[in-house]
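Each in structure tokens, the structures are laid out below.
Shared between the two complexes below is chain A, which has chain B as its partner in the first and chain C in the second.
Entry: the complex of A and B
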């Protein structure tokens, strides 16, 4: 660990390279976390199948590319297909658990995640898959920072999608309905909002966002049927840090997590990279709980 | 009271029947007509389903070929081979159950191994308990052979040997007095850590210095932290082991980050399809393999390694991965042992297996005390012009080892 820190001091640009690459990974976490925050805020459901939507998005992109669709065009395609998958799953399963206990929806989405994993294993096979985009590499500052262009694409996509989502929630009719439902579902219903449709749209939108993230994962990293969990965990972490109603905070938390994780992997050694993520999550939860308790006591 | 006595005698009678059944199950082999049955529980579904299918095709092809050539002659009589398959769903607990079922219910007394070390580890105690020989072709973990099993035989090289060739090859490239620096990026799972132990042992023996020793968590889908270290420390050799995911990530991220490494050695290149997926980016990588179609081994059943590959491709429409080749070899080992034992008595066959000295298209087969095949070395391919070419060991090499890997700026 000490020698790794020493390395960082000896080669200061290394830190910049680590952070730059970490931000790219973090953009994907943010993209997957937008939807989790939405679903949590609006339906009151913590969607454990989040990572499985990412995984499915990857396989949709792979399949489409196999049929001759240019790799980058698979990003919106994966989002559209996953939108439909999300809608279908809402109509099949999720609407039954919306007003129920949190535990019921946790179990239901956990079950969904297992079913999606096994189905993809059956349909797409268990192999680790990747999709080549043919994009090159960006070399900055005389080779001090080296970034794959596809990672840059995913970074920009995450930012653009975040901006679009923000505008959608602010301006669009459906976006306003989503916000109204999340504030008070009963009042929204009384005022004539079809909350069931809002729930379905929200869940489908979440799946679509994850689908876009998944298509980027398969192009920049790898995908296989069991890759979902890390993305679920990261999304959860991002959302508990950022809160439910704040898209800018989700982006910041996602990028921050990616960068921190990469630097931690470097300094502590790769074997502690995931452990670091979990430790961070526990610390944040404890601190949050502590702050909330003070607030509760104050209210009392 | 009378009732109790009745129950008791009934229980005793049942136990007697049970004993008879189990006894008959372990003594006589499963032979129906002129077909002798082997049993196999392999992963047809679940996360090992791809490799499970490779395994099954290897078994099937060998059985077909042996039967087509007239079967085997045991004690003056000819028999054909058959296999009873079950799907272990890629889970060890299911594998253990199925081993029990094959032996107890189906009366099979010869078992072909499952896919992966984990499944083999789950089944070996069962076959050992019943004294049923198991010849396995897909469980490479060294720990399988440290339990003192008497009925377990493996045709493949064990894990610690996977990348030792890379260390030997690297040592050959060193100048006089130069201390080579090695970086390790190994997944934190039993397989890759066995590989790591072998590499470290050989690095120490040959005087190489380990400068990076990262253990990648199995959930990890990115290696950029490790790659940053490699960029800073510039090792002479980078060794990566992390199944197909590790190979795919390493090839992709080294190319994406334009990291110049004189020598890169991997496992699972073929599973990750590095040539098909990454093309130019995979060029010059060294890949460990149990077997290759270009090797100079041959036998009377399949002909040369190349003949086996052609037959396999004609039958299944894809080039044989080594998993299929070693699986076919396992069936050949059983056939050979039956003929030499002259009976289907499990104990006699076990002794015949232990005395195996066979040459196959897959390589020599000769088991040591622990049941490991010591006659066949691992091979190393190098990706050259979009093809895997054997570069190590030197006596079976098809091409010479290209070293160092050209810099990215010169490609």
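Entry: the complex of A and C
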């Protein structure tokens, strides 16, 4: 661990390479975090099945590519399929827990995540899979920084989708209805917004975002059925750091987390990378709570 | 049900528990696991049901107990029974200390932050144990074997686990009847108000977590020895199985009641043992379905539903409306 740190100091460009690669995956974290913030803000539900949507998106992309769809075209396809999955899950389960105790919705989505994870395990097998895109590798600064082109593509895609989402929420009728419902569901209902449909659309939109993220993950990195929970925790982390409803902050936090995690994975060793993510979340929760409490005492 | 009937029921249950491993020797290990499940559900309910802090990471203390006990047994070089006794005591104390230390930070979190934070703790612990060479890293640990020349390994562990479940139950029952139990309920009902009334909520919460960790730690040490192999992710910090089951069993039986977790654990374990094997790999899918079904449609659990239907069984007077 210390020798890795030493290595990082001796060769600063190695750090730059790690950070560059980390930023790329950070954009995907941000994409999944948009969805989580959306569902949290509008439905008041913390969706534990978030990471499973990412994982499913990856498997949809894999399956479609296996049927001859060009890899990059699987991104919208995964989003569409996951949109339908999300809509279906809302109609089956989620609508029953929207107005209930938080613990109920937490456990219910946790149950959903187990179902999706185990179903994928039965259907697709437990192997670690990746999707070959046939894109090349980018070598920058005399080989100091090596980036796969697909990672760049996924980075740009994630940012474009984020911007599109922002524009959708600001301009489109449905986007405005979603924002109105999140501000005050009762008032929105009185003004004639079908909040049940808004909830369903929001949940489905979240699943679609995660699906797109998953198709990018499978092309640029790897997926397997049990990959979900770390993605859920990363989205949660990004959302609690960035807050609900601030898209720029979500992107910044996502990128930061990606870079931090990649460097930590190098310094601590890859076997501790997941432990790092979970421990980081616990620490951030506790520190955040401590800071909030100080503020509360000050207000008193 | 009258009191006499209730006592008769409990006495029958106790009697059956004593003779069961002799009547059904081939199921002795399953029955031992049943008591472990009871311990899981009971200790989860201390926070989840009585105090209203829904922990998804109580499996942490089970794992710490399993590893703590095994390390003591490995490194102290005592003979088997002395090693086990010291190991279990160490496991219990270590778990309780960890609970108090973590509690200072974690128990300040409220609601869903606490739930997800503890989920993170449990998984982080499993990942760390899976990479730490001192405890065997990913290949796990094997606790010392029960002396071969002695027969009755299954009975030995059965009665240890049974005794632990019984003690856990009695201690918690006594605890819930004191002012401390009332403090727990006060925190569940309105923590800010409890604090404003002068209750030292942080101390109460940490202590409650330590009690539940204490018994979970012993349970972990026993389970490690019973199973004979401690895997970091599938046994010690098995969030996806034991960790979820403890929540599910407590809800199934009835959160926040004394007997609910016991009933939930028995029902869940027996159904699982009877039906699970026929599902051939789909049992985990079924587990997910079960979670969704129970929390969405049956959140009051068995006891909660019975209480609604037959309040007079619970000593509540029902007045007919005129």
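One rule holds in what follows: the second predicted complex is superposed on the first by the 291 of 300 C-alpha atoms of A that agree within 3 Å, B and C clash if a C-alpha of one lies under 4 Å from a C-alpha of the other, contacts with A are read in each partner's own complex, and residues count from 1 in each chain.
Convention: contacts are C-beta pairs under 8 Å (C-beta built on N, C-alpha and C of every residue); 3 or more make two chains touch, one makes a residue touch a chain.
Just so we're clear, the structure is a prediction, and the values are computed from it rather than from any experiment.
When both complexes are overlaid on chain A, the residue A:269 reaches chain B and chain C alike. Legend: residue contacts after superposition of the two complexes on their common chain; A:119 is shown touching chain C, with no touch to chain B.
Applying the stated contact rule after C-alpha superposition, one finds that A:293 touches chain C and leaves chain B untouched. In the superposition on chain A, A:25 contacts chain B only, with no contact to chain C. Once the two complexes are overlaid on the shared chain, A:106 sits against chain C while remaining clear of chain B. In the overlay built on the shared chain, the residue A:183 is in contact with neither chain B nor chain C. Shared-chain residue A:6: touches no atom of chain B or chain C.
Of the two partner chains placed by the overlay, only chain B lies in contact with A:221; chain C stays clear of it. For the contact definition in use here, the residues of chain A common to its chain B contact set and its chain C contact set are 121-122, 229, 269, 271, 274-275.
Listing the residues of chain A that touch chain B in their complex gives 4, 7, 10-11, 14, 17-18, 21-22, 25, 121-122, 125-128, 130, 132, 137, 139, 143, 146, 148, 150-151, 217, 221-222, 224-227, 229-230, 262-263, 265-266, 269-271, 273-275. Touching chain C in their complex are the following residues of chain A: 46, 93, 96-97, 101-104, 106-108, 110-119, 121-122, 229, 233, 236, 240, 269, 271-272, 274-275, 278-279, 281-282, 285-286, 289-290, 293. Within the complex formed with chain A, the chain B residues making contact are 45-50, 185, 188, 214-217, 219-226, 228-229, 231-233, 243-245, 248-249, 252-253, 255-258, 271-272, 277-279.
Touching chain A in their complex are the following residues of chain C: 54, 56, 105-106, 108-109, 111-113, 115-117, 119-121, 123-124, 127-128, 130-131, 138, 240, 244, 247, 251, 281-282, 284-285, 287-292, 295-296, 299.
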